[in-house]
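Going in written order, the chains are labelled A, B, C and D, and every chain counts its residues from 1.
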Amino acid sequence: MLALALLCAVFAGTVQAQSADDDLRARLNALASGGFDETQRQIDAIAATGDPRAAPALEALSEGDLYFRQSDSAVFIVRTEGSGYALQDPLTLEGVGTAGRREVKKIRVNNRLRRVIRTALGTLTLRAPDPAARIEAADAIFKAQDVDSIEPLDAALAAETDTDVARHMREARAAAVLASGRPTQDKLEAIATIAARGDRDARSLLTGISNGPDTALHDAANAAIAKVERVQGLWDTARNIWFGLSLGSVLLLAAIGLAITFGVMGVINMAHGEMVMLGAYTTFVVQSLFRTAAPEYFDYSLIVALPAAFLVAGLVGIAIERGIIRFLHDRPLETLLATWGVSLILQQSVRTIFGPTNQEVGNPSFMSGAFEIGQLTITYNRLWIVVFALVVFTVLLVAMKATRFGLYVRAVTQNRRMSASMGIRTPLVDALTFGLGSGIAGIAGVALSQIDNVSPNLGQSYIIDSFMVVVFGGVGNLWGTLLGAFTLGIANKFLEPFAGAVLAKILVLVFIILFIQKRPRGLFALKGRAVDA
Amino acid sequence: MTFRFLSGGLTGGRIVMLALLVAAAILVPVLNLALPESHPLHVPTYAVTLMGKYLTYALLALALDLVWGYCGILSLGHAAFFALGGYAMGMYLMRQIGTRGVYGDPVLPDFMVFLNWQELPWYWYGFDVFPFAMLIALAAPGLLAFVFGWFAFRSRVTGVYLSIITQAMTYALLLAFFRNDMGFGGNNGLTDFKDILGFDIQSDATRAGLFAASALALAGGLVIAVAITASKLGKVLIAVRDAESRTRFLGYRVEHYKLFVWTVSAMMAGLAGALYVPQVGIINPGEFAPANSIEAVIWVAVGGRGTLVGPIIGAVLVNFAKSWFTAALPEFWLFALGGLFVFVTLFLPTGIVGLAKSAAQRLRRLREPQTPGRETKTPSEMAAARPSEQAAE
Amino acid sequence: MAKAENLLYLDGVSVSFDGFKALNNLSFLVGRNEMRAIIGPNGAGKTTMMDVITGKTRPDEGTLRFDGRIDLTAHDEAEIAGFGIGRKFQKPTVFENQSVRDNLKLALKAPRGPFATLFHRDDEAQRTRIDELLATIRLRDRETDLAGDLSHGQKQWLEIGMLLAQDPELLLIDEPAAGMTDAETAATADLLREIARTHSVVVVEHDMTFVRALGVKVTVLHEGSVLAEGSLDHVSSDQKVIDVYLGR
Amino acid sequence: MTVKHTKSLSGLALAAMLASTAFTGVQAQEETIKVGILHSLSGTMAISETTLKDAMLMLIEEQNKKGGLLGKKLEAVVVDPASDWPLFAEKARELIEVNGVSAVFGCWTSVSRKSVLPVFEELNSLLFYPVQYEGEESQRNVFYTGAAPNQQAIPAVDYLMNEEGVERWVLAGTDYVYPRTTNKILEAYLKSKGVADEDIMINYTPFGHSDWQTIVSDIKTFGSAGKKTAVVSTINGDANVPFYKELGNAGIKAEDIPVVAFSVGEEELAGLDTGPLVGHLAAWNYFQSIDTEVNAEFIDAWHAYIGDDTRVTNDPMEAHFIGFNMWVKAVEKAGTTDPDAVIDSIIGVTVPNLTGGYSAMMPNHHITKPVLIGEIQDDGQFETVWETSGLVVGDAWSDYLEGSKDLIADWRAPLSCGNFNTATGKCGGSGS
């Protein structure tokens, strides 16, 4: 009897579950019809069920992976497979066969729908097992200021054990409260909670109510805004420094190869930018190979591209040195003309081979996205580029100061004849030095491909800046190049907020011109009698 | 007086070049205007304008040769002076449009109406007067050069440092002129000119006249350059080029000499720019591009640095090659041009004129009875080759 | 104005390059119409001393006076040359792409401004003076040749000729005999003695035969300061000098 | 003078000869109609313009397969103006005077068009200009087949306002005339819709700007004022890649701050990983993703011609497609390639566009087009999220600019004027 009752209960439960299941499926299938407005109503309805099983389907919809079958309007989550799609049941997530390209059709979404989905998912995933998902859910509600989410949030907060998640939820709740019709006292508390956040989003919310009719709220919001802004002033400075460092490291990367070919060897290497470009195109080629041969290892493509770019640019550099520059040792200014010619040829070669359009170079996952330190958003690609620039600099410095090769290079550039008579093979050293400088430019190209266009014009956009950095820092001094790059980068970024990007750049150029008057041989000039030699 | 001046410097090649230019100034317009189009000697207007453009480039190259060839100042910013001269002329031409602009505003150029400017900025005043505009076409580059040179030469910025800051100068101007707020038409620059001194800028006669003016300006520039380089000042300049500090120890204020020739050269470049603009019909910030300055240096190198005639030949030849290649080999002309630069640097270090000179010398030597080698290396010369503890420069 | 007895006066002059003291509290006098020879091992500061006098290098401290009244530290090379200090470099430095005559013409005492040179016309007196100089330096038959085509010794002579053309009060001459044959060396010594009758001359030289041939007071420099002073015989018997220089 | 001079003259003749023989070997046997292609194949603009040259060559080849025009074969004359504006004028003159082309298809930047305008006027030839531009121009010899601001910018802003509820606007552009003018028009338009001054931020950057950190961060700040914010981008070609990369990495999602661009098409996106950019918008008159028969044919033909299935098509290519077909039709109608006859006959000519409708040449030398708003997808294509119900007529003169609101253009007789002032009733702008 009891057993029977139990069985009944279980059965009833199943039936109930079954009907809920059917209901949800029907609602999901309903997504397939209608325009954006209709779709939005369906999403709201799905969200209203509060059924977390709908979450994967909604996520897929937002990502553009939710399709419906033309024949019966059944909805599936799809994955591209071969020339067709692999279908997945939207609720059970089980594979349910495949479909051809023409058999299924994507359910269209736009930004508005994505926002709606995000909010809906927020409510649905507040109780998700993964704390990160819960934080994401809370943040979505925070952004949407979704009044309906206050109760689910309260419930979730009661059960929440993770303090970090709880904080996000309280903030989300506060944001929702501010948008709701709750009493002033509640809202004042909410303002305090949000002010504690102290970031831009907080300011955004507070600004929204600072013009409201309620003077108590109004004053509280304004006080909170003032506080937030004070904190932000400091963060702005930090931000400018970081941007400056980041720009400086880009300049350093672009210039450091030139610090060798121009700074150490005295070759006015106008083809330097094209070496950077070759490095970027090498990255493109390597990534293409990875995409076709081993897409799962795509993240390692840059690691392969680095030595490849070094070799490609380095070998081209050696070829240029052997073929042209070695005949011009006593005519340094004329290297400018020859290398200018070389740069034209290289640009056009790349244009002929790869076409004139931009090539796509992807960010590996470890270089995508950003993280925050306080209110400073630091993007991973910029961070890696700063680190990378410093590593390249250090390695080069060690190579030039502490190795036998570096000794030879310095010996040959200071006194060719003497070095030759001491048994140093000067032609070899020349070729290798130029190759080294070019190779370094090549690996700079790998890094720059992560933030800039990969086009035949890539090199042209860096060549002038590179020369400025090397000359500003002092020709022949690696430390000067380092300091020059960062000084110019930071100066530029502090000028930019109030002068604008164009004027900032002009001012930096004027600054360089004036600085050279003061120190005609750059930041780190050699002193003594040898200078004039 | 002038003739006495020139007496030392007017060598055969230069006389020929002057004669060529004066003859071209007369003949080309005649052949263009007086002969019917069917006549085999008729020069089409297209060619007249093209050659007029080459001649203004040649004047720029000549100006550059004066500082680079004779004073060792490698300017990577001469296009800035050229462009400033061009803008002065462009502003005059702009004011001449009057009510014929698309908006028909009697005073404001179209681009100002377009951006809702209410009145003419002060620095546009006076440009409706031709002599004033011409004065500025010379004075603006001259003044910029004077101020820039005053600081740079006094601070003894030399060699590649100087080259790079001249590049910084033209690059800064490029960015500045790109700004629409500057009031020079931004990226679009100044265009849609109607007439110059009352003559329709598109008529064949005006074009022929501009060609003649360019040829005569170039001839005049050549005379001035010859006069300067043949004087004692010219010898001091060469001394500065070859051994700057030695010249200083002789008591010459090197910076004054550099400043003089630098300013003269900038004004010459400005004049070239002023003649260039009405012939091509547009001036825009692209003219400030550092690449343009580098190209001008290449013209000088191709023709032969420090020869005055060489840069003229170089500018005409390289630009002619460019015109030709861009039509004949539109996809591959950069290979040809790039290859040309490499070739000239490697195999013609003294340029075309240098090649011609040494060929002429060889010919003469073949004709004359072989004189026994005057010089063999003496021990003291060997000693000179030793690396010295101190070098004077 | 009363002429100072000492034409050149250096007191406590120090120069350092990145910590290396090239001149260390150097004090030194040259009288009017005096010829002085300076010797010293490599790195003793001879050339730096000349650089300091001619304005090429600024001293970190010390007094430099010319003709008793002019503070040389306040002027640049061109001005100092204008006061009447001429210099011949260790490595002969002539204008190689110009003719021998033009080299002298450039050096010849005349207004030095750009406009003065632009409108300059050769006059008879100058032409005669250049001819005289050409005779003195024995380059008469090569006057139209490029200076770069001269032999090393001839360049040395040309440079001395340029120095004379400037007509300075004080001549600073760095290793005039380097790379010359014995006969040329002897002739150079004669010429210098001749010059010294009407000019003050400071000669830096390694060649002891040459210094002996000059027969003048010798100053020995070591590590940027004066080690000994006196006749060549006197200083060459000085134990300190033998230790640092001659004894090597 | 003779030696050097005759040399250069004969050289010129040689150049002309080479130019005209370079692209056809059969020229000697039969008379052809020459078509000039004036697109930069080197320099900074090659990145965008080279594709258009190829598209034109393809269109001409196809027309020849169909039997040419007026019984003659078409012959393309390609020159490279090398992204050098004065060179554009020189090459245009060369095409018309030396090569004797019947029409020229070319230019991309406004400045290159401005540079060649006097040449076309003087030599009375035809230019078909295929790129969206700032308007404020109508010239007798030029046909504008790209979008005018009212065919692109204003509908896009309307969309954002109505569909996304945007209240705060960042107008970010490269500092040149197209963004300046477009932003001026938009500013006036937004204000007419009641947007307050402090809710509009205008920002200009130099050409090829590559360091977008500060500006992206400023946009973020501007967007945090409690109102829905959008960015209207008139950033020029090259600078877009680093801009979008920075945007993607800084985590600015289209749901939060959408960016609508007028200069970013399929070709620009080809250099980008569009994953992080999904949902950002562009306004054009054509997208490759448009699902019509004629478009599918065009894309197939393009892939076959270029020999690469991954090459994309874009809006300016469609503009050339329309412009070329209009010219062909007008020439057939007039029975001659004579410019004056074609100028008269082309007005009113209607040809199919690639979006499934028809475009007509209007008396102001602009054409009718549909306006499409598309969202970037992760495959580098756009998906149309909104389109105008009918065709929009290109406006030569903006109604939102002080100097031009009274101007109209009509090249039909008797008006025959590009800047007729309806207030004063005179041709020739607003002045006396």
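The working rule: a residue touches a chain if its C-beta (ideal position, glycine included) is under 8 Å from a C-beta of that chain, and two chains touch if they have at least 3 such contacts.
If you're wondering where the values come from, they're calculated on a predicted model, not measured in any experiment.
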Higher-contact pair (C-beta pairs counted), B-C versus A-D = A-D
From the centre of chain A, which chain's CA centre is farthest?
-> C
So, what's the distance in Å between the C-alpha centres of chain B and chain A?
-> 45
Taking each chain's mean CA coordinate, chain A and chain D are separated, in whole Å, by 31
Per the C-alpha means, the centres of chain C and chain D lie apart by a whole-Å value of 72
Check each residue of chain C and list the ones that touch at least two other chains.
-> 47
Residues of chain D that touch at least two other chains are 41-42, 175, 204, 206
Going by residue number, chain B touches two or more other chains at 175, 178-179, 245, 331, 334, 390-393
Chain B residues touching chain D - in the complex, by the definition given at the top = 19-21, 23-24, 27-28, 43-47, 49-51, 53, 99-106, 111, 113-116, 175, 178-180, 186-189, 191-193, 202, 280-282, 284, 286, 316, 320, 323-324, 326-331, 333-334
Can you name the residues of chain D that touch chain B in the complex?
-> 1-2, 4-5, 8-9, 11-12, 14-16, 18-19, 22, 41-42, 78-82, 84-87, 89-91, 93-94, 97-98, 109-111, 114-115, 117-119, 121-122, 136-137, 175-177, 180-181, 184, 204, 206-207, 401-404, 407, 418-419, 421, 426, 428-432
What residues of chain A sit close enough to touch chain B in their complex?
-> 268, 270, 324, 327-328, 331-338, 340-345, 347-349, 352, 415, 417-418, 460, 464, 467-468, 471, 475, 502-503, 505-506, 509-510, 512-514, 516-518, 520-522, 529, 532-533
Chain D partner, complex, touching residues on chain A are 36, 63-64, 108, 110-112, 114-115, 118, 143, 200-201, 203-209, 239-240, 243, 246-247, 250, 347-348, 351, 355-363, 368-370, 377, 379-382, 450-457, 460-461, 492-493, 496-497, 500-502, 505
List of chain D residues in touch with chain A within their complex = 41-44, 46-48, 50-51, 163-164, 175, 203-206, 208-211, 213-215, 217-218, 220-221, 223-227, 238, 241-242, 245-246, 248-251, 254-256, 258, 267-268, 270-273, 276, 278-279, 281, 375, 377-378, 380, 383, 385
